[in-house]
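Both of the next two complexes hold chain A, though its partner changes from chain B to chain C.
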Partner chain A sequence: MIIRACALLFLSSLLLAGGCSDGPKTTGMKVYRHSLNGSPTSLDPAQSATIYANHVVVNIYDTLYSYKYLARPYQIKPNLAAAMPDVSEDGLTYTIRIKKGVEFTDDPAFPDGKGRELTAADFVYSLKRHFDPKTRSQGSWFWSGRIKGMADWKQAGSDYDKEVEGLKALDRYTIRIILNKPFPQLVHTLAQGYSAIVPHEAVNYYGREFSVRPVGSGPFRLQTFDSVRAVLVRNPKYRKEPIDLAYEGYDEAIHGKFGIEKIEGRAPPLVDRLEIHFIQESLSRWNSFTKGDEIQYAGIPKELLDDVLARKQPNVLLKPEYAQRFFMTSGIETGFVHTDFNMADPEIGYNKDKRREEMNHALRCAIRYAFNWHERNKRFYNDMGVIFPGIIPPVVPEYDPDGPKDSLEYSPEKGKKLLEEAGWTADKLPTLTYGGVAQVDTRQIFEQYRGWLTKIGYPKEKIVFDSYASFGDFNKAVKQAKIKIVGMGWGLDYPDAENTLQLFYGPNGSPGSNNANFNDPEYNRLYEQSAVMQPSPERTKLYRRMNQIVLDSCVTISGLSRQEILLWHKNVVSYPDRSIVGGFHLKYVDIEEAGK
Partner chain B sequence: MEMLQYALRKFITGIPLIIGVTLISFLLMVYFGPDKTYELVGKNATEEQIQEIRHQLGYDKPFVARYLEYLKELATFDFGYSDSTGERVNSILKRTVPISLALITPGFVLGNLLGIALALVAAYYRGHWLDKLIMGGSVVGMSVSFLIVIIAFQILLSSNDGLGWFPVRGWNVYSFWDYLRYITVPTLATVFVALGYNTRFYRAVIVEEMGRDHVRTAKAFGTPPGELLFKHILKNAMIPIITRIMFSIPLVVISGSLLVESYFGIPGVGKVTFDAITTGDQPILKAVVGITAVLFVIVLILNDIFYKLVDPRVSLK
Partner chain C sequence: MNTLAEETSLPKESESLWGKAWYKFRRDRTGMIALGVVIFFMFIALGVWAGLWGSGWSNVGGDMWAGPSPEHWLGTNIIGQDIYSRAIYSTKTAFEVGMVVAILSTILGGILGALSGYFTNSWVDELILWLMGVLDSIPFYLFVAAIAYALQGYPYSMHIAMIATFWTTTARLVRGEVIKLKNFEFVEAARAIGLPQGKIIFRHIMPNTFHILLVQATIVFVGAIKSEVILSFLGLGVVDGVSWGLMIAESTQEVQAGHYSNFLTASTFLFVLVMAFNMFSDSLQDALDPKKVSA
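Showing the complex of A and B:
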């Protein structure tokens, strides 16, 4: 009996020892618990393709530039860079000076365990990594073909000891980038998590595991990271830069009610411990948020919108019981959803037979007439999305609010007529494959779409759902141009319409970002012309012309920007942002009362 | 000594089973599983980058070479690095398996012990209202979706709309008290569902045992109910009970519980395994499948040894 009891005790201790770890000493510490609806897989900046990864990466590492905390429209500002870059008159040479005395956090990767000073050479190394196949970079496309000599460097075997003509550290604190042709968005790319600066010692020391053992110079350093959360703690070596709210875009009318003025003059980061929880289950996230002592920031689950909101339109308003407990901001996302036709498919896109190509054009336009944006918005986006014509979403300055809206018209009659005029009959119509990941939402979207198409006389059995088990498989089919109709979403990397216009640039066709495989000579010419231009009314004119070409070609049914509603606890001083400012805002978050 | 020899012999005969399981699983992973390449490429990839990643993942190697590599990994217990996170697979398992064990074990033990206890009562009072009540409860446990049970328990016991006694989610376990706080609701949800299946199964086994001659004889001799149930019935029903419990162990150890871990925000092996399946993270899948196969062989051996312990008539030869 005694032996059995001992064995039981021993087993229990083992179990407990396995599940427990040394407790964090959070007494007196300011702890902020943020939540995200997805999780990052890698914290290597070169692989930080998702907003989830970006939220963590930009808080551990430094980027040369970032975005002003409160200014809208978004404004870029120096971060690790001492100032905005000096750009040569031809727009090809960028000279960037970085701040002195910035150090990496202490880590066993460094010879004596002490983090050394970050220098211009570290930036050069970090950008070169993207062109080293071993890195598995997901962000190299930002700079591919743009930096002088980089392609040759890669071709020659990505030897870090060899110099790249267009990417040099002129001295310890000066970087020079020479471009093949002007790239006005370069500074924006240097504000992305991809461009974060890593020390070569850590990359070499941790090897493959560098992706989960980040070593940076950002406001926080990583304490733990797993599938459900990342715990970051204040980096004691982070440079002291007092917050200048006026510079950050503070507006009393907008930000005053959130208590933001309390952080004026203080040096970020303002909390001691930052926990980022990755919670995909919306109800679980909501229960945790409303509990009061768990996560302090969340969105509202779709199924609870009517319970939580007093009004959805024109301005979102919380019910009093929630407004009493939480702060809220709302606004449209910096991206949009759209449905593309695969132009590489001769049955619906380009065709050697010119007559058939014209018929295909009529078919695509007819399908667009069948698309009921109002219903889509109502059923899937709570009637809160903003519908706009084309591929320049309302969030960028180049958006034309007065542009023609005929591409958004829902008219099955016109669609039917268009099909008849083009010579389409039920037997001639091709079988349409609509691709998507095997999920309830995707299936419902497809069924709604199929219902609309039957209204223009499309036989139901000729519209089929091509279901894929994982996003990887779906992406593979898209990148191999195997699907006729592709429902997609795009989140802007930076607030410039170039980032969405490149989605229809011919040379970016599959496996590139141009999933529609659109290849229009005039569009390509205009893209190349505008791609080297600084923001100006002339460039905006070109952007809008390109938007019109896409609409006239009926290559996509677009678009809708979803509404984002962000809530946070009232003892949290914050102005959250999910996309462009994104993770950068977390170093400005403050808690009014430290944990007891 | 006899037992050790038996275990060794049995393990050797289990090797073809391990090879069979791993071969079929690997075949499915390679030819029918998700292609990881397209999860890893950037938004604007080139054909060259796709080929580079395929090469790094080893997708361009012949199947036989890849499978032999897998067997070597299994033999050396070194599964390399996760294709998703880049972390060593062994480190992932070392971190997540103990958490899953700590999470699931109380529910597993309680679910089985209570299941046996309820089954004994139900079987003893067969046809009585008590039996019907227990069996009715079991059907409810079996019928309600686990997801609904989790959400309901979470709202009732953890959320602000309910009692709010326990954390909604998370795993900040640094003391025994924390441990109790974090596992109570997941355990209750697990027990609620497991009880249904366990009670029905164990009741059927016990009822069968109750009809045997030796039980009838013991009853005729006036054996008290407690002695009858525990000494004459339960002991003889232990073989199917042991089999059921033992064969659940490998899944408890390595697979965790995806739903519980996801909804309660617990960083266990269940979520890691699920993510590996849906994204095609082969190094993790190979480890999970391989270790599960080895554990099954070990369980088979232990099972036979336990048979021998509870029933001396069983021979290990």
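Showing the complex of A and C:
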């Protein structure tokens, strides 16, 4: 009997131990468990179109440049590159030197399984991949038409043995890029996951599996990856570069309270194991976060903001019970939401009949008067968003805080008057299709919009919701210019207003990024003029003039930048960022107690 | 003796199936109450259709998540829409979907079931049985969702999806009844005098399956309302307008923030109507059951 009891006890303890184990042994390891509200479908840099993929990719691979960890406004810095690029006088030739002795992680893809040194040729190969149709790159638009000879290379069959005139490895550690015309944002594109450097051996060895078997030279290497989480472990071969907080933009007043000074002089990555959990449901993520020992970073579900926050304005404050347990940062997003009119639709945009085109202009401006930004902010963004006029959001340096705000005015009376003056009557008004994904939020935003339009005398039955099952379907309809009114959000790829101004550049019309199909000769001319200019007061002046053209044309109702609130546990030393710095911040994260 | 006078003074119930059924149904208190509730909901739906009430369902003038007040009896949702008006308007949506789906799927099921039953063991029967077997083998909500998804943007996609799936049960029941009826003497007599088959099926046999069709229509009606709510909740249902399903979908976020009015109102309306219709359907089934009627 005693023997049986002992055996049972032994077996139970084995089962218990088995149930508690978390894959490989993590005792004594520093484990940081991050969370994201979506999951990547591929870890191939050429497919890293989402912030979720980007977060993982930039931690497995190296990019030539990245962003300073703490500096705001964001500042770009060399990462794998040894220094910022040497740019020729005419802004067309970039010479970039990369660090020596950087190695890919060990992997069966290499001879003898030993990772070799990363060279300039690897960067050339990685960028060429985007123009190889077999790669089905989602990021080629960054460099399309910009690199000299790349189009011809693609046209000639994307043969990697053939050289591209504008993209060469001059020697083992020097890259030269020649552009067709100046592209001041080039260096920012080299800080995106798309530009991450992959070894050709791994691409060839894994074939289609390469999307889930990444081999890079970044701070971490992938251990496991599925739709629930990605587990990364420290790359022991990662170069030892001590952290210089002053260089990274450390400010005692801002960062001191988070204990960031503790990482000074240490070499990233600072944790042994990085787990990125993909949890779409915000409340589930929150529950896991507040339980204390699972997720160590999260945002606050908007439904719980009143329970968690003591104050929303002018600055965000946590309630004491949460402030005791968590660190928090808040700030506006590096993007904005806006509602565009489809100018390609003759019923609301451009029309061969000039009189009708004038009427359409009045109609768009009247609709803008009906738009109540304050209510939109209050009902959907917890009254915490920042409303600004036009398409240059507050997060970029070109934003004009003193610019005219009349485009944000809510006045149904003025809207109604404008319609009457332009000769619009209820029976003449066109049926407006408002496109969106079949989700509760989108439908409510539409219903609110419809409610406002009825206040300027728009018949309710003439405002219809065009619903789509997925964002992909909706986006496809937008790209085919099928929808009259398009509500969208835009997240900046890099902190330069050019990234938002290109949204209204004529040649970028559908299926390009110009969803409004706006095509104004003066705007196009100014865009082309400014696109090749380095940051300067002259360029800022041009940007602001372009912003005003968009506003005067009533082509969009814009905009609002949403507030982002991020929380993390107090034993985590971090300064998280979801957008521009994004996944780059994870190599600086430290945990104060091991083995959790 | 004046027995004749005594006999004629007593109201005599009809000896027909329908007369007996009505007599029996009237004595079923639960069924009568349920019928009253259904008629009440129908009255609400007709009022909405006539524009007497519920027309302000889309107005956004109210405060965010306002509590019950004389102006908004059941409060408002996030964009200040009156929850009471939305629930009332949704009654029309429910009846619209229920009626369209019940009538069309019953007609389709009745016709195909009758054909299948009359031509038993022929290729017509085989074909219809095969079709029913295929449709029945696909999980219902998956199939409805697939059709609704494929026909997205078309306002009646949900109706088509439901009709395409609901007719099979009716057809099976009618088929069984027709197989029994086609051997009856009145059918043999009709055949003997050379009536065309179409006339025999649709004029002589089908009227004898109406009691099945009626009960089945009420069951489909309830099923359609419930399916509409589920599909709308999933974003595959009502394209324009409002329904209890959409209200419940909205409430999933509101409940977490402590605002229950949308959820409770839509759920209560749905529960009462579905429950009443189910009870009405049960009573009707009992009343129309030939064994029970003749007993």
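Going forward, the second predicted complex is superposed on the first by the 573 of 596 C-alpha atoms of A that agree within 3 Å, B and C clash if a C-alpha of one lies under 4 Å from a C-alpha of the other, contacts with A are read in each partner's own complex, and residues count from 1 in each chain.
Quick note on the criterion: a contact is a pair of C-beta atoms (placed from the backbone, for glycine too) under 8 Å apart; a residue touches a chain by one contact, two chains touch by 3 or more.
Just so we're clear, the structure is a prediction, and the values are computed from it rather than from any experiment.
After overlaying the two complexes on the shared chain, residue contacts for A:E303 are found with chain C alone; chain B is out of touch.
Of the two partners chain B and chain C, it is B that touches the larger number of chain A residues. By the touch criterion stated above, A:Q192 is placed in contact with neither chain B nor chain C. Shared-chain residue A:S217: touches no atom of chain B or chain C. By the touch criterion stated above, A:L283 is placed in contact with chain B and with chain C alike. Using the contact criterion defined above for the overlaid structures, shared-chain residue A:Q563 touches neither chain B nor chain C, since it reaches no partner. Of the two partner chains placed by the overlay, neither chain B nor chain C lies in contact with A:S66. Of the two partner chains, chain C is the only one that A:K460 touches; chain B does not reach it. Applying the stated contact rule after C-alpha superposition, one finds that A:N360 touches neither chain B nor chain C. Contacts of A:A469 after superposition: both chain B and chain C are touched. Residues 283, 469, 473 of chain A lie at the contact with chain B in one complex and at the contact with chain C in the other.
Residues 15-24, 41-42, 44, 47, 49, 133-134, 136-141, 144, 208-212, 226-229, 277, 279-281, 283-284, 287-288, 290-292, 294, 469-473, 475-476, 479, 502, 508, 511-513 of chain A touch chain B in their complex. Residues of chain B that touch chain A in their complex: 34-47, 49-50, 52-53, 56, 81, 84-88, 91, 95-99, 101-103, 105, 151, 154-155, 158-161, 164, 167-176, 178-179, 261-267, 271-272, 275, 278-280. Those residues of chain A lying in contact with chain C across their complex are 283, 301, 303-304, 306, 378-380, 438-440, 443-444, 447-448, 450-452, 454, 460, 464-469, 473. Residues 58-61, 64, 77-81, 149, 152-153, 235-236, 239-240, 246, 249-250, 252-254, 256-257 of chain C are the ones touching chain A in the complex.
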